[in-house]
Amino acid sequence: MNDVRAAVLRADIAVVGAGPAGIVAASSIAEAGRRVVLIDESDTIGGQIWRHRAGLAPPPSAQPWIARLRRSGAIIVGGSTVVDVRDDASSSRFEIVAERGVVPLVVDAGTLVLATGARERFLPFPGWTLPGVIGVGGAQALLKGGLRVAGKRVVISGSGPLLLPVAASLVAAGAKLLLVAEQAERANVMGFARGLWRRPQVLMQATRYRAGFRGTPYATGTWVTSARGDGRVEAVTVTDGKREFTLPCDMLCAAYGLVPNTRLAQLVGCETSSGRVMVDGQQRTSHARVYATGETTGIGGVEQAIVEARIAASAIVGRAVPKRLTRKRAGFVALADRMDRAFALRDELRHLATPDTIVCRCEDVPLGALRPEWTTRQAKLYTRAGMGACQGRVCGAAAEFLYGWPADSTRLPAAPALLSTILATAET
Amino acid sequence: MTGEENGERVTIVVDDREYVVRGGTTVAIALLELGVSAFRRSVNGEPRAPVCGMGICYECRVEIDGVAERRACMVPVENGLLVRTATVRSS
Amino acid sequence: MSSEHADAIVIGAGIVGAACARELARAGVRVTVLESSFAGGGTTAAGMGHLVAMDDSPAQLALTGESVRLWHELRSALGAAVEYDPCGTIWVAEDAEQLAAVEVKAETYRAHGLGCELLTADRLRSLEPNLRSGLAGGLLVSSDAVLYPPRAALALLDDARAHGAVIREHCRVLEILRRGVRTTTGELHAAIVVNAAGAQGAALTPALPILPRKGHLAITDRAEGFCRHQLVELGYLASAHLMTSESVAFNVQPRTTGQVLIGSSRELVGWKEGVNHGILRRMLERATRFMPALARLTVVRTWTGFRPATPDKLPLIGRWDPVDGLWIAAGHEGLGITTSLGTAKLMADLILGRLPSLDQAAFAPTRVLAPSTRRGAVA
């Protein structure tokens, strides 16, 4: 079992992540005649925003791009988790090692486009590890995957515009949505909404979503402080900073904002700042042969991701980046900044967990075992926090919010991988 | 979004019992709809179930077709799948 | 920090510094430990935590044998987080030639009072079913153990603190002075300064022939019962001895969490950090050569560390004559975790003028100096 030979796909460009950014980048580059391989962990493309069930139609906004992708000649490789990227500077090629079930796969490419998207920020509070406590994006993913929630009593606690479509989806699926708790203060939310006057279609969309859960209170300056139940969530306690009340429920959707997925970028050596991959006006990272597009460069939503993917595609195929795309991107970045400020997380969310509350779920490390003055690495070595299967993706984002700890250095594997995969070499 | 069924039904085995579930979903969704609360046990033996729904949190890990620690949210249901959760296994 | 006084300054809060601080503090010495980063964060954090009696030389056997015994005595005081596990070591022989070497090894251990058991191929297989068939046999040393190094260092430091030691983290020593040190926050004076800075020891005492010898490690997800002992191939000794450019050896450890820790590799690449794909692959390939089933385990993390290596494979323990008041406790290569306790005891014996329980001659730091700079026999 010494020599594990992997199937190899050779390409000019490898795109990692088949959400909107990856789909648009892969299509555009392949349409220009380059050989493109698009890799995604999931069996069905779409990432989160364009997630759909296998065999069923994608969301309407996704259909044109997915159709283009399928016509473009790009090779789509699904069900494959990238675990390592070997960078051969002498040949200027990357060996992208992925795992598909238990089988290794290698993509040999000259240029890498990272479109690895974002994940949610989960914050610890008493009871957050109970079955039935899921994310907000998590709820959206499960609903889009076909989860039935008819009759279930659901509470949402989180932050930002994402709460609205998820609330509407839950109600459309027959859930009894009891409360949508937005942690930002009303003035911040209204201020942000007013700032959208230049984008009436966004405001109208928000109004439509709100109508979709019109029977449910949308409470600002409100958040869940704890969940309880026997083996699964049965009730949650909610506060508005002044009074507390308890709601019996079957499901709690609790997550606070989005965090760029930068692990692969860091593995390859791209510079990051404030948790996002740094790119220039052409979406090129600090590594000359690596581009990054979409949420991994900063949370900005699907429209921004599409624009960035088109910018990167232009740059990669050697065309001048259209100025209107650059202007559009700047507009989206400004909007994202306003959103960040409006929905900044309140300090109370740092103090929900008690010493017994688990912070690292993979290794069951409680808050009381951690010292605020440590670093991420210290916490790992002293308590194992961050040394489990999720490799710190969940507790790392929480610790960054709780203590300001920046992420530790990244080494392979980018995701847990079979030893045989790490040994895999390209067939020659 | 959860609207249209594609009509397909598949049979999977969960903790040695056969269940007929809807096709076109993931093992995580099938298990949630079967009422499974404990997909896995944490280090201290607590029951854990899906959280992120997108392969990030690793809380939905179950044994599928003899291979342990598979993320249920990333595996589509298929006829004959053998799934083991922590519902029967003790901590 | 102004010009404060302590009786002894220990530079480095890795496992060796921690052990020395504890030993001195317990003897009533006022100790201040100065650590440039955080305790146990250097080579200690990268170590496998294998407590092993190593017979590559009589001096090494004496030091490691004594140290393993001291860890065993300390085990109940360590706390659960240190994960002390008396799982023992099995030295694995691939062929008849290695089996013969294993018999010699057994004799050496027994002559030193260490119990061990020769294993036939069948017995080896029954003890460790995941080892491949076709191995010749092995040697089980039951008195060996494993533990988790960062928490072990913390436990030793806690005990030092309980006996009055002061530990200052994030305080880098810039220069060793006569009877003192200069740090980033000022000078500190003491009659005794112990350089326990490990792989960085030579940065402070340039004549120390300590080179960073890089090693790789990988750890798997939980695989309860996959192996029950620390498993090391006999070739490990050859790997550890050759100061060639790079070598790998089969070295696998069960952790109390059920995870499997996989080593080991050695290379001299200066301070170049980061995982080297080629070496990692060679190391993992060698591991699967002995335990094919490893290929089916899931790897969750890989990392590297720098062992403080000396040319004669022995650590430097004792007075450093060229600088008044300076003592060295450094250069333990891959045996720092094990020999920290024996080192600390020897250091304290020498510093306090007690009769040393170990023959110090082989470890004398001044052995690396040209004869003219040595100042006569060291106590």
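A, B and C are the chain letters, set down in written order, and residue numbers restart from 1 in every chain.
In this text, a residue touches a chain if its C-beta (ideal position, glycine included) is under 8 Å from a C-beta of that chain, and two chains touch if they have at least 3 such contacts.
Since we're looking at a predicted model, the values are computed, not measured.
J.: Counting contact pairs per chain pair, which pair wins?
T.: Chains joined by the most C-beta contact pairs: A-B.
J.: Using only alpha carbons, which chain's centroid is the nearest to the whole structure's centroid?
T.: A
J.: List the centre-to-centre spacing of subunit A and subunit B in whole Å, with centres computed as mean CA coordinates.
T.: 22
J.: CA centre of subunit A versus CA centre of subunit C: separation in Å?
T.: Chain centres of subunit A and subunit C, defined by C-alpha means, are spaced 42 Å apart.
J.: Which integer distance in Å separates the CA centroid of subunit B from that of subunit C?
T.: For subunit B versus subunit C, the centre distance works out to 45 Å.
J.: Which parts of subunit C, given as residue numbers and ranges, touch two or more other chains?
T.: Counting only residues that touch two or more other chains, subunit C contributes 221, 257, 298.
J.: Indicate the residues of subunit A shared as contacts by at least two other chains.
T.: If we look for residues of subunit A contacting two or more partner chains, we find 388-389, 416.
J.: What positions in subunit B touch 2 or more of the other chains?
T.: As it turns out, subunit B has residues touching two or more other chains at 43, 69.
J.: Over in the complex, which subunit A residues touch subunit C? Could you list them?
T.: Checking each residue of subunit A against subunit C gives 1-2, 4, 84, 86, 374-375, 377-378, 381-382, 384, 387-389, 391, 411-413, 416-420, 422-423, 425.
J.: Under the touch definition given earlier, write down the residues of subunit A that touch subunit B in their complex.
T.: 41-43, 48, 53-56, 79, 81, 102, 119-120, 122, 129, 131-135, 137-149, 169, 172-173, 231-232, 358, 361-364, 388-390, 393-394, 416
J.: Which bits of subunit C are touching subunit A when the two form their complex?
T.: The touching residues are 38, 40-41, 45, 150-151, 154, 218, 220-221, 257, 274-275, 277, 280-281, 284-285, 288-289, 292, 294-303.
J.: Applying the document's contact rule, which stretches of subunit B touch subunit A when the two form their complex?
T.: Counting only subunit B, the residues touching subunit A are 1-2, 4, 6, 8, 22, 24-26, 28-29, 32-33, 37-39, 42-44, 46-59, 61, 67, 69, 73-74, 76.
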